[in-house]
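The two complexes that follow have chain A in common; it is paired with chain B in the first and with chain C in the second.
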Partner chain A sequence: MTTKRKPVPLNPAEIKAEMLKRYPPKVARRRDKQIMINEALANDTPEITANVRTIPGIISMRGCTYAGCKGVILGPTRDIVNITHGPIGCGFYSWLTRRNQTDASGAGDANYMTYCFSTDMQDKDIIFGGEKKLEQAIQEAYDLFHPKAIAVFATCPVGLIGDDIHAVAKRMKEKFGDCNVFAFSCEGYKGVSQSAGHHIANNQIFRHVVGEKDEKRPGGFQINLLGEYNIGGDGFEIDRILKRCGITNIATFSGNSTYDQFASAHTADLNCVMCHRSINYVADMLETRYGIPWVKVNFIGAGATAKSLRKIAAYFENPELSGQVEALIAEEMPAVEAARKDVHARTGGKTAMLFVGGSRAHHYQELFKEIGMKTLSAGYEFAHRDDYEGRRVIPHLKVDADSRNIEELVVEPDPERFQPRIDGDRQKSLEAKGLTFKDYEGMVPDMAAGTLVIDDLNQYEAEKLVRAFKPDIFCAGIKEKFSIQKLGVPMKQLHSYDSGGPYAGFRGAINFYREIDRMVNSKVWGYMKAPWQENPELSATYVWE
Partner chain B sequence: MLTKPHAYVSTTNACKLCRPLGAALAFKGIEGAVAFLHGSQGCATYMRRYIISHFREPVDIASSSLGEKEAVYGGGPNLKKGILNVMKKYRPAVVGVATTCLTETIGDDADRLVREFKAEFADLDLPEVVSVSTPAFGGSHMEGFHAAIRAVTEQVVTEPEPTTAVNLFPGFVSPEDLRHLKEICEDFKLAVTILPDYSDTLDGPTLEDYREIPEGGTPLPAIRRMAGAPASIEFGRTLRPERSAGGLLQTRHGVRLFSLGLPIGLRETDALFTALEEITGRPTPRRHALERGRLLDAYVDGHKYLSGKRAVIYGEEDLVAGLTAFLSEIGVKPVLAASGGSSGRLSHSIASVCGSIPGEAPEVLEDVDFHDIVEHARGLAPDLVIGNSKGYRVLARELGIPLIRVGFPVHDRFGAQRLRHLGYRGALALFDAVVNAVLEKSQDDSAVGYGYL
Partner chain C sequence: MLLRHTSAEITERKALTINPAKTCQPIGAMYAALGVHGCLPHSHGSQGCCAYHRSALTRHYKEPISAATSSFTEGASVFGGQANLLAAIENIFAVYEPEVIAVHTTCLSETIGDDLPQITEKARRSGKIPEGRHVLYASTPSYVGSHVTGFSNMVKGMLAVAEPTGTKNGRVNIIPGWVEPADMEEIKRLAALVGVDITLFPDTSGVLNGPLSGEFHMFPEGGVTIKQLKSTPDSIGTLALGEWCSADAARHLDSLFKVPCRVLEMPYGLKATDRFIDALRKIAGVPVPEEVNLERGQLVDLISDMHQYFYHKKVALVGDPDPLIALVEFLATVDMCPVHVLTGTPGKRFEKKIKQLTAGMPFNVNVRSSADMFLLHQWIKNEPVDLIIGNSYCKYIARDEDIPLVRFGFPILDRVGHQYFPTVGYKGGIRLLEKVLGALLDRKDRDDSEQSFELVL
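Up next is the complex of A and B:
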């Protein structure tokens, strides 16, 4: 009893026109530039508009600057006390609602992630100012926990009434002496999406925390992992793999992280960037100030994991490390391959759509490819053009008013601690061997011709898209989950992983193959029609007939 | 006894949500409605994801997506553009506009903006646009919920056209509770307009064909006729009539108001059935009389397990009052009734529902967070906790006692939208849950592990 999905004549141009049809002309013109049909152009990728304001009344998937700052970047750090300065809602909604995991099992490990601290501003604070209340809240947090650091996050009203949260933070830091206090001007109305919040968060971590601890940590082949948030334990699996290869992870920004990790990040010898969108500027700043080069990695997909490990080994040019990496890959791949083959028999040829994040819509295409599934359409929620088209477009990005509102730190080499980890000659020789630094080619070149690339997809377009293509699976977040499933298509959450994971690394890949197999081959969709609806012409007859 | 703790200035682990969330939920219960938050887009996104993960249903909330520029110059143009875009794509019958911290702080007057919008686009086939002021710097999600319902009756109800349908304002209850209320009225042969009614919109079936606005909800024509209803029933002991929809219909249109507690437990449900008998002139239908009988029978059977157990109750004020009424009548001793709400009426409500029960009334904490609740609970040696998921880690797990999950949000158990709380049937479901939680705990704690309890 399976419902037959009729093969749809997939003409992307027609589908795009259909999506734009019901918009008012001005909205249609704007959306037109954010919906792109991927074409193979000679030596070029087609241009998309991204990182522009959401149109009012369009039910966007995007969150706000506060969500990006407090929820995404600082959320996974366990030993910083995070205080939301504002009315109660924002703090409440970001109270352990992302599945960023942490391991605070060590002796003396503090974990404040499970708390939700807020100044819970009331009318009188809006009228007379909330600085005093904030100061008291910081004092209370200090007295209660004596944490290494306290971070303050501004919600919309704070910027509007002009509370100087940075002055309060500075005053309290000086008063305590043994607790770093810093604040984030991450009011929700700033920027066009949570991406602005990532930037504000990372800037402040770079300014107030990185470089605070010079002590060199033990261990060989020291790297930082930038832009990995340990959703569903991804970071744990990556750390397991790194450790087995003998690679030392100094700091993850910011999955399963601690204050001290950030503080000593400048002592690492290589930065590995996972999520290009949320953190590429930190990699650049670490290079300029401390001389640490960076490479793009991806641990989503077994093949991509192996490739990334080899990239790291290539950088360090150490035969022992290369040997360990190869040994690990050889050890892990048979299980992955067995699971892949088994699942591929049932998933091969099926189709997927991905609308998530600033890098996941790209990275997860790797996993789908491994089990023979084709990506029909993909797009980011909050990415910029360089995440679609590659870093080569960065010099040509238009700086609009919204981007100008987000601070760009001007970084100079640190007079004492700047130390280039590799010189120009070595860089050239590494590049000659195929290692590329500071590079990300973006998602679009990896996608097939005729696929639809859509920025900031909204509820209405998602539905049109699913109706037109009837993909075998759709990936986005919880907000999209149930509307897509009401259309009879399974929907996998790639923000929170639907309480699953990890999906990174080798073991993660196996988890993902099995999860997708479970979802795309579920029989439940075949039961949507009741038996009496299946054959409506069936009617009763008299027995004597 | 009311204690005002406030040892701390800051709020740690809040026991309340914000106003606009309540308004958005209430608008979900009107047929063809799209909730619209006037503010930064993050509010709509945060609330959508929060509501969705409780109900496991699609929830579309639009936003005027104000940016820095609009925060300075005002959000009017965005609000108007946003409503037009919602109209184009969703063709809603109602757009429910609720304000947020951002727009309240800059002083956007949503009522005026909506009036302007209606005048500016009078040539279009406009939906009903309702606006409500819901700044989160004060009150909780419940104030937002009730304010939205009151705004709907204030702005939509026009001419008192006589109708036989009685108005029912249930407050924030589960979709399953709403379905049960409908069934009760049906059995009384009583036509009823329940506002809001999200029993289908927030707990719908699988579909072959997705609808942009889910089916169900209180129909607009029925809301328009509310002024001509023979009576209104409104649940919520802490709800002030001067801030409620039932109060408005009474003072403005003379609709007789029955103000009742949330019908949780035997006695509060008896009050509802008494009111229904009075309104309809019919006796309680037999199947409900039988349900009442079965409930009492269970009370008798389960008393040996529960007698003397001590409970901590938290959540929205009216839910807390209802649960306290229920627990106190089954032999459980409510030792602490706490809420993040601050209506100022919880203490009195608790005293009223516990008045006829022997023993000391529970300690009541209003306007508190979980930090305060836990601090007080520790000294009270509770055996069980009843409330939403947010009290699991900080309270139940911390004290090593079971949590019976009720209300909103329930994010760590399945089937939150189908939880029963109201009526004799709801009381029985709660009673089974409480007894079984106590049995499970004693079984788990036993060194032997008896399977015969």
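Up next is the complex of A and C:
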């Protein structure tokens, strides 16, 4: 006989209280503000505290600023030689460990993504300074590879010993003449999470690369896709769809990207923001300096993909484009629908939890919804309040010491190249037709009342949640994977997907439906107890006949 | 080509490391600490290092890796991390209730100069460490040595709890070095077979090769207990397996408590296992049982059965000094030819030792410590090999150069088996040779022409 577990009270307030109970008072006070019970408020969403320091000793999911900068943002760019300036570890761990794909199959294409470059600082470099070694390392990289660009990333000790990496980069750039060299002060301690690293990375790309190449690329309906990292080939699927609609993607920040794409990003006519968290400020800067407006898109979920394509078409107001978009949606949707219906029969009514990233915990709820799965609880690892509550809270965000640490670029319209892609009247008329610019409403409004929204969830709370709600699937990252699975609940990585993908676009949606079906209905979860553990009584003995 | 920018022409590099063959100290300290029962490793620095080390270990073991961090921000980096560590210790004991916290430093806290003994003492005096609980620590700056050094430092740090009673207990300490949980289990099995009571530390078996049963235990059954660590000075002797990983701790025990020690190679392969068993037998004064002779005989049998496929095959190896020394000896034992042997870990003794072991080979042998996999790849381009032995990163070289690869070492991110099947001891030797043969013969079956393709090999 299986022992029946006591039914658990699924009252969110009680569960929240239970999660906080064991914490020392100081910790409980801080976590209290990061755990929010979603209520439907008139014209408002409840407030959550986010983007605050991780509590020492509490096992967080977060990584560091360097990881956000070198790993996430610059990681997927194939033709820049990325040199980690620091002791060996930081560079080693960010070597090929994210599943960014790249297509470097063209003749003569450079691809340094399979390489790890480091100055491997030794104790004498820490004591006497590492600038000489860095300079020498840049020279050696240049001599060996003659790349278009070399980027330098600072790790924690570098900031402390005061190496001026920017001066070294500048010197080397001038010396080479044909190789752009720039540096990132992305020491791990700089911010409270990876998010600070995204910001530092994007600022420097904006400052040192964007605008370097003025030639207009061929192709109609030119956009940039901001905040898409081509994990498991997501970017390839999105590019396939865009291409079939006749939309030209000038630059993806930064999945499957190259130096030249960044350099000509300012020539596009619309910026489409996927991951609001990691890049919304670049969209703002591109608008201020070059006059390119931005819209929020989402290619995760078949419905969301169709909606995003229509949004782009609406912006360009071109009947031919709209026709191509509608034709493509009509062509792709039947296969999606067939897969969805098939999977829905086995996943409908099941439950999910998502704790990941700065936008993924929101976007993937779409896909779960499409196959009838309900999100019980969700939260971000490194998002800010606006990613939860929407951009309208931005003016009210508190600027604390940690955010002050991260440079905010002040950009002005470019004297020659600023050219508003649409004028005020056109913008108004588009808005009247329902197109919203610069808008993101955040995750919370899309979640049901009574769900728990938790920022920077930690291992202890995750375990409590899973034990209380017994969701059918939990989504987070590699560090969380196996503690959740030991509890008998499948865990899907949504940073790097474990394996498989793409999950974006139409084909990606089909892949995701099938993957979730595989996971929640896997037979393995039924094997955890041996027959004699299920049925331990020795009531009858076998008699050999 | 995946590594399309690697050319055969070798130029000297003074400052740029490309494709490292080592990583940083703290991950070794974290792995070692997981081999203490009821222990939560703690990374004293910013949170990124801890996240990276946990991720790397998780990907290698496919098991939960719990570890905490002091989560430094800029303030802590300027004013020192004492407040963060004190808060962390308090929070950890309140929330996770471990028996032990094992703190290691990072580049950051080392550069700041945080004084772990002093901070720990402060935590104790201010009552942040509950009665009967422990805080171990090790200094692990990554700008010195490698992950192997960090492992060694944490193992030595474990001895802080040692308390001699003055009476010998007849046990033998064995420090296994950075080997897999399955290897630690195998070392315990062999010692039990020989009939020697041992204290193995660290011991990650039962911690990092756990079952799926519907339960999650943050602190699984396995690991050396604090009680066992306390009594290490009462043992009759210590066997340290591996100069780089284990010798420091063994010598420390010897100098502090006069526990005699012997440093052996890690027991990979025939001869190193022979020396290990022989040492065990002599220390404990027991005869070697027939079961062990049988296992040994089976390994020798396999070598003789398949010798034609081993003979003069050229091998490139990359990894950590201790396992490489034993492996190179093993390959030489079966008449294979290690021609490129490289580690990222520093140590001139490594180069000397490999040269000794490969003296008399019919090929020129390249050996380097403090080197990287970019150089290894260049060596291979200049002098091709029949087989590569190394971690998962080698698969990029293996694919580009179309050379079979046997995964061995850390990290292995794309295959399983290392958690479950030992490669130490005689049985482990059989497994290693089976893997080598599998790789070589799969290649032969792929490459042989239809005329020469054969059923029986």
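Heads up, the rule we're going with is that the second predicted complex is superposed on the first by the 529 of 545 C-alpha atoms of A that agree within 3 Å, B and C clash if a C-alpha of one lies under 4 Å from a C-alpha of the other, contacts with A are read in each partner's own complex, and residues count from 1 in each chain.
Assume a contact is a pair of C-beta atoms (placed from the backbone, for glycine too) under 8 Å apart; a residue touches a chain by one contact, two chains touch by 3 or more.
Here the structure is a predicted model, which means the values were calculated and not measured.
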Superposition on chain A - do chain B and chain C clash or fit: clash
Which of chain B and chain C A:Ala110 touches, first, second, both or neither: second
Chain B versus chain C as contact partner of A:Gly86, first or second or both or neither: both
Which superposed partner A:Asp402 touches (first chain B, second chain C, both, neither): both
Touching partner for A:Phe145 - first (chain B), second (chain C), both, neither: second
Touching partner for A:Thr54 - first (chain B), second (chain C), both, neither: both
First (chain B), second (chain C), both or neither touched by A:Phe176: neither
Interface residues of chain A shared between complexes with chain B and chain C: 22-24, 27, 53-67, 83, 86-95, 97, 114-123, 125-126, 133, 136-137, 140-141, 155-157, 159-161, 187-192, 401-402, 405, 459-460, 463, 477-479, 481-483, 485-488, 528-529
Partner chain A, residues of chain C touching it in the complex: 2-5, 7, 11, 13-20, 22-27, 42, 45-49, 51-56, 58-59, 62-77, 84-85, 87-92, 94-96, 106-108, 110-112, 141-144, 146, 210, 212-218, 344, 374, 393, 396, 413
Residue ranges of chain A in contact with chain C within the complex: 22-24, 26-27, 53-67, 83, 86-97, 110-112, 114-123, 125-126, 133-137, 139-141, 143-145, 155-157, 159-161, 187-192, 401-402, 405, 459-460, 463, 477-479, 481-488, 524, 528-529
Chain A to chain B touching residues, read off their complex: 22-24, 27, 53-67, 83, 86-95, 97, 114-123, 125-126, 133, 136-137, 140-141, 155-157, 159-161, 187-192, 194, 401-402, 405, 459-460, 463, 477-479, 481-483, 485-488, 528-529
Contacting residues of chain B [partner chain A, same complex]: 8-14, 16-21, 36, 39-50, 52-53, 56-71, 78-79, 81-86, 88-90, 100-102, 105-106, 135-138, 140, 204, 206-210, 212, 369, 390, 393-394
